[in-house]
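The two complexes that follow have chain A in common; it is paired with chain B in the first and with chain C in the second.
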Partner chain A sequence: MAEDREVLREIWEGRIPVCFTLAEEEVYSGEQPDPYYLLVPRQSYFPLVTDKVQRHFVQSVDPEKHGEMWLEYEGQPLKWHYPVGVLFDLFTNGNCLPWKITAHFQGFPEEELLHCPSKEAIESHFMSVVKEADALKHRGQLVNNMQKKDHKQLWTGLQNDKFDQFWSVNKKLMESSGEDMFKYIPYRIYQIDRPYIQKLFRPVTEEGDYNTLADLLKSVNGGESTDNREEVLKNRRVLIQGIEPPLETPVLWLSEHLSYPDNFLHICIVNKIKNES
Partner chain B sequence: DSSNIKQIISPNLRAVLLNKLCHRNIVEVQQFQYIEQAVDKTSWMKKSSM
Partner chain C sequence: MSDENNSVNNEQTPASEESENVDNVGQDKKVDEAQPHETEEPDSTAKPATSSNNTAPSKTKIDVLLKPAGDAPIMKKKKWAVDRNKPVCWVSEFIKKYLKFTVSDSLFLYVNQSFSPSPDTEVGVLFDSFGSDGKLVLHYCKTQAWG
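Let's look at the complex of A and B:
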């Protein structure tokens, strides 16, 4: 079970400094509005924390043309249903602070983004991912046995950035000892311009050893040889929660401690930046 | 009870991971504390004192 509160706290306290600007071509009246700076929790979702950004920019766009606000980074629309930290790690390589994001109110990219009609839509998405994670870990038994108020507490803990409120419920979902040992690890692997990878992966081998991050990466690459794997990873970085965990780290520990609030371990594989060995 | 932690990862490996997280928060958070927090944590306090 995730008991290392010092690590869990550091994860929870992760923030990304973001500089939002309004798309130049959408400025309707007057001058380009000032950028809006926010320190955004890595664990959150953009529509949960950008009401102020929307209010700041909406007065500068054509009232007859503006629709739902959507965000873009260097031409890439940002999926609101991915946690903020995942988007940052995937698209910036952790090398762009503050993160410069463009806000749009026109030309919604229907084929690339889901609409986000309300906070309830985010809550619904979040809870469906939590349930999927529990189905993989505990056949869905823990989340199904919880009361509605526990589900609500998970959500409001995330929404209001309340660590203790969130973890007093989430610790039950992270139970992994005895009969409650995770059956499979809920994880997703992201690479730019590819669909994410998600497969069944057990935390422990048949011999009773803990599977490591290296074992997980090997399994998604079709079990290719160590030499090939090392060659592939030579020019890549494996980022989880903005850090590169040693490849010998047991995946069970990573799942318990470095998962996002949706209970999934989101792993980004990105190119190494220049001058990086 | 930290026995479970010790069974899964060594103290050294745990220290490496924790150091990486602390460094992440220094680079990404502490240097930007002057920026407005997206989630205003003071609102609950104000309501509770009413």
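Let's look at the complex of A and C:
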């Protein structure tokens, strides 16, 4: 399993300062309410942390028209079922703090966002992704052999931001020695305006060498032709957990240490210069 | 429900062109399974994202095999050619219409009889990781079956 506990803890403690404001056109009574500031864990999901934001704004919107709260950054609706850190890395390019997010109570973008009816919906989404990850790593054997209370502990550990509680169970899923060696690396690669990429990728080559992040990027086709891939990467940053890891880092190490609690390695490929696109 | 699939044949199918060569109404189910329907009509609108992937066939539609679990009714035609970029929720809606579910009926879809993919997941993505023998097997049921 993952050995470097310090790295795991640093990753777990990643926080993003967020400034929420209510969409101006939705202010119904009185003046624009004050913005609401929150330090949000990267590993979390927005609906787990925005109850207070919702309560703060809901009194200023039309009670007749308001529906489920949804969030938007610069015109981009934010998917609640992606970890907060992924949304930040993908859309902000990491250079604007606090992160200015607009809250809406009207005009839910049905085409782009999923509804989040309850905390149970987040839990069931989270556990599903954990199971998918284990299906890739261990043919699902480890997660399926766990007891229900272990699943619950993973979830409550994340929900309550308890590192030890979460990792005492998660370390079993991160087992990658001997027979439990990861079969495939659970990863997703995100780029703006494209569906994410997820394919089968082995941690070790047939010759027994570790596959690196560069190997992983080479193995997927992001819609660019293969010839100019290096040229393309020159103008891009590869972000995992807000970090640009060296491209020669073994993907297995990244998977063990920089995966989100859902056990996936979420990789964002973004432009180097913000206005370039 | 044996004759239900006549009615869905021409309206609202996952791949109306393909359905002609897989959906021979009234024939034995086994015939469906053996049909090589990917040979027809490459879809030029599809993204090139899969074109250089050597591990998966570079076609724009994939074969999805729908299997009931628990008390879910059987679909007479089980195998459908679906665009790679269609989301899972589209497949759910299709099954619900095919089986004439009411609005209040829920439907759960599972991969590997283990996890329930997010409704916005593209079936092509699932196929790349969890397809086997050239098709993606999805189990559907009316109540939560796994996890």
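Here is the rule we use: the second predicted complex is superposed on the first by the 267 of 277 C-alpha atoms of A that agree within 3 Å, B and C clash if a C-alpha of one lies under 4 Å from a C-alpha of the other, contacts with A are read in each partner's own complex, and residues count from 1 in each chain.
We adopt the following convention: a contact is a pair of C-beta atoms (placed from the backbone, for glycine too) under 8 Å apart; a residue touches a chain by one contact, two chains touch by 3 or more.
Quick caveat: nothing in here was measured; it's all calculated off a predicted structure.
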item: Chain B versus chain C as contact partner of A:237, first or second or both or neither; value: neither
item: Partner chain in contact with A:56 - chain B first, chain C second, else both or neither; value: neither
item: Touched partner set for A:41, first chain B, second chain C, both or neither; value: first
item: Contacts of A:97 with chain B and chain C, given as first, second, both or neither; value: first
item: Touched partner set for A:197, first chain B, second chain C, both or neither; value: second
item: Residue contacts on chain A - larger count, chain B or chain C; value: B
item: Chain A partner contacts - residues on chain B that touch it in the complex; value: 1-2, 4-5, 8-9, 13-14, 16-18, 20-25, 27-29, 31-33, 35-39, 41, 44
item: For the chain A and chain B complex, residues of the former touching the latter; value: 1, 3-4, 6-7, 10-11, 13-17, 37-41, 44, 49-50, 52, 97-98, 160-161, 177, 210, 241-246, 248-250, 252-253
item: Touching residues (chain side chain A, partner chain C) in the complex; value: 79, 81, 114, 124-125, 127-129, 131-132, 135-136, 140, 144, 151, 184, 194-200, 221-223, 226
item: Chain A-facing residues of chain C, complex; value: 47-53, 55-56, 85, 111-112, 114-120, 122, 125, 128-130, 147
